[in-house]
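Look at the two complexes coming up: chain A is in both, with chain B in one and chain C in the other.
For the complex of A and B:
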């Protein structure tokens, strides 16, 4: 990494570390990311390794988080699960942003009929309880992690559209946009070169704040059995698997549950901090 | 360039079932701009100056009216056709910090007009950007900067550079100095005058500051509530204003000369300008005009030639003697010119 890029990275991270909450969030996310990247090294066993001799063992030095009904090491599964949670969270948000930002910029820039149609569709999607709608989509396209990701993204892009639309509306009559039109810039160029770059800080904040709900929705669908299929160590599926043994072996469900909470909390804290830095007036 | 019967009405919605009201921001404005001259447009806030600027640049669509640019009416032309005319017109806005894209470097800001209009050769683009930066008093060191790293005066220089980089015929300057410090104002004004001279530009200079307008303009047009009330050569307008509203503006202008201890001030006009939603019938100025007669309340005056290219929209233009209102300011101008 060049010195310049390093300096710019510091410029980004320093304000995050200065705020108490976003600092906590930052380190939580760093921790989860480290787990995800270092999973093969950190996890003592492979996530699918079955050991029928040691079923439902309580937490011990050998099995930090105990073992599940097939004797798999819960700690190892939780560590590998971080990969899935992060991957799923970011993929969902990426798809959401792609749909939401495109529609938001179009609605905000053109206004009029385009805006009316896009806003109507947005409101319709917005009106459904997201999980119920996602369930519907998953039943339609079938179970599986990728389908769950698609389903969650399809139902939760309206946040992006609404905020980006409002932001673009506030920019579109600014003088630099008028000046761009005066020099003959095309509509597409005005959107890509003048409007979008000015909305990117906002998009980053919404993205960070959307990851928790994306993770929650996908884990909820996995919990219900629609998402990751065994033996994939998805946290939601793990909570679900541990349910029958909850009175005898609470650790099987609890530990993945705790990690879901910690990860979501981390992204929320980080997102709030980013908002204070990048776009203090934003309301999400 | 000729503007003919230009109107822009903005709808104000009152309710779902009610008919909208219309703000008559620009109402039947007709004037000409000659090549190489500077036409000043003055008027108080809300008189439609900025709307007029946006109309001329075709940034908003007029309600009715024609804008002839080099003989072609650019109101009716297609988007593609309009692009060709965009190349020949530039605009500079009031607030330079709002008129530059905060996420675009100065170099990119100045490259865009060239690239949009098909100048793609990298060497040539670079040369022209450097050249224009020099012309507006900036340099190579500003190219990689972003607007927030420049001062207000420097930002306005960039905005001017963007407006003139394509060698336009007409540049509309919408209060280009009002948001700047007084010392910077003078620099920018001098720069504008120099550029006009060097590049043979035609200016439409919009401002509420009479003395500034006078400094740069060959002719001056006065707007009131969306209407053009008077247009004349700069000196003629200052010395021999025929419209009571112009006289009011002149007598109200601050005189920047501490030597002048006593200037007769006339409170010719009381109150605020009426709402442009329901302008008064007849002459729009009549409720505030001390010289109003019954005809002013019913019949709307049109621009009339009173000799020497001096047009006034006032029924009593010929009979009124307004020299006492204007002479004070005139004296100051002539005297301060000598000293």
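For the complex of A and C:
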């Protein structure tokens, strides 16, 4: 069984490694995941450990990325921050996919009125600038990381719905679905066991490409002060922490930002590669 | 032409209920928001009699049932009257009219630059597919697209404002004030435009009619410019309209960083101060703008590509 799983994993990873872009993306993400898992070992200090004697120290061997306004080690905070970025990115995309795929499959399968209503709602949410809408939602439910995750997910699921709906529409009259209907399979069964498996590759591609947008939106909200609250080492909040001393201590803002860029780049490159492998005609 | 006209009318008719739905949702959101607006109308720490509170509520229309408040609000905003700011006591429309030009200036300049630079980059990448130029452009645009605007803004501020001291870092006092905010807003979008342009160009270059053009022995400039570029530009043109509302979202953050006196800073300050009428007005304007841009995008694409208006489906 485990050999089988290993073989399947290789089948997946080999094409990713063959494309030079997705190979880079794959290793970037591996690196970030390693940081996140190994944080307690890699980081020399705890992310919340203050040291008033050593405030705003420039990068040195002792403090690779310098220290912030409370004397906290920026490197340690960046390393622990990888946990938050990955967790937030994946959670947002999971919620988005749960809402988006459900609505997309329903709209595509039933068509008619169901489709009209779902499409209207999707269009409306889609139409809004996500950050502005998320700002509205956060104002409503209050600040905090979990609320920011909710807000970003609530406003960004339409990508999934639009693409999944179109995909399901193209499948719904194919022979294998008609055959399933002919042998009396229930609607729910057809959607879950016949349609959904065919949409999974597309969902994986959208998910990979949605993680960077999710990270960018949530860190932007944290940067504005609506997301992670201190001392959570959220990269966006860290960039904003460094703002008042920007000319004096540029490292406080610079390093967390560089890691946001690297992480998002990794997912974008991987996502592009996955698209070429799984669903080359998809336009996201 | 009549097919196009019918398509246009249909798209506009779809847009109107969307705007109404938006007003209902906005109004509900604002009703559910934490904090009682009445507190903001009273001087802090003052003791005011119940009659006085009732009187204030009457003046501001807060005593009516919600549904009445809603219709009251909608009928006013349709006339461009967004009520009074709870904080400054000035008409919201005055606040907005002072801010909108600044935001538009920022957005339209960035949008134009992103397309002017992004399109040639995308075409260049497509024509040199798989070679060094292509890789360079693809990696460069992927990096830009992965960069958070707020951080890019701070880094540009640091480099050009603090170290080189060549550009102002906040406010809107001279044309030079625009450079950094525009750059911050342009760079990530430029990446998106270039990538879309490359994809579309590659797709068109693989079509039969382009192969025919090559086979006929037409000069390559002519094939690329007349035949390929014209068709590849259609989705990119549509993106121009679809992107405007997204640009507005990016503008919020950029305006805050550079203290640009546009709608973004106003929205942020109003959210922080719970100035509901201002928040509602701004989001409403953004919603209307969004619906208009989407409709324009649909119509323009139908105008440029006759296949679209003959299709039955929505998407």
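What we mean here is this: the second predicted complex is superposed on the first by the 283 of 284 C-alpha atoms of A that agree within 3 Å, B and C clash if a C-alpha of one lies under 4 Å from a C-alpha of the other, contacts with A are read in each partner's own complex, and residues count from 1 in each chain.
By our rule, a contact is a pair of C-beta atoms (placed from the backbone, for glycine too) under 8 Å apart; a residue touches a chain by one contact, two chains touch by 3 or more.
Quantities reported herein were computed from a predicted structural model and do not represent experimental measurements.
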{"item": "Clash or fit (per the criteria above) of chain B with chain C on chain A", "value": "fit"}
{"item": "Partner chain in contact with A:194 - chain B first, chain C second, else both or neither", "value": "first"}
{"item": "First (chain B), second (chain C), both or neither touched by A:180", "value": "first"}
{"item": "Touched partner set for A:65, first chain B, second chain C, both or neither", "value": "neither"}
{"item": "Greater chain A contact set [chain C / chain B]", "value": "C"}
{"item": "After the two structures are overlaid on chain A, angle v-u-w for chain B, chain A, chain C in degrees (C-alpha centres, nearest 10)", "value": "90"}
{"item": "Chain B and chain C, minimum CA distance [Å, superposed model]", "value": "7"}
{"item": "Of all residues in chain B, those that touch chain A in their complex", "value": "54, 57, 59, 83, 86-87, 89-91, 93-95, 98-104, 112-113, 116-117, 159, 162, 166"}
{"item": "Contact footprint of chain B on chain A as seen in their complex", "value": "174-176, 178-186, 189, 193-194, 197-198, 200"}
{"item": "Chain A residues within the chain C interface of the complex", "value": "20-21, 119-120, 123-124, 127-132, 135-137, 139-140, 142, 162, 165-166, 212, 216, 219-220, 223-224, 236, 239-240, 242-243, 246-247, 250, 253-254, 257, 260-265, 268-269, 272, 283"}
{"item": "Residues of chain C touching chain A in the complex", "value": "14, 17-18, 21-22, 26, 29, 32-34, 135, 138-139, 142-143, 145-151, 154-155, 157-158, 162, 199, 245-250, 252-253, 256, 267-268, 271, 279, 283, 286-287, 290-291, 294, 314-315"}
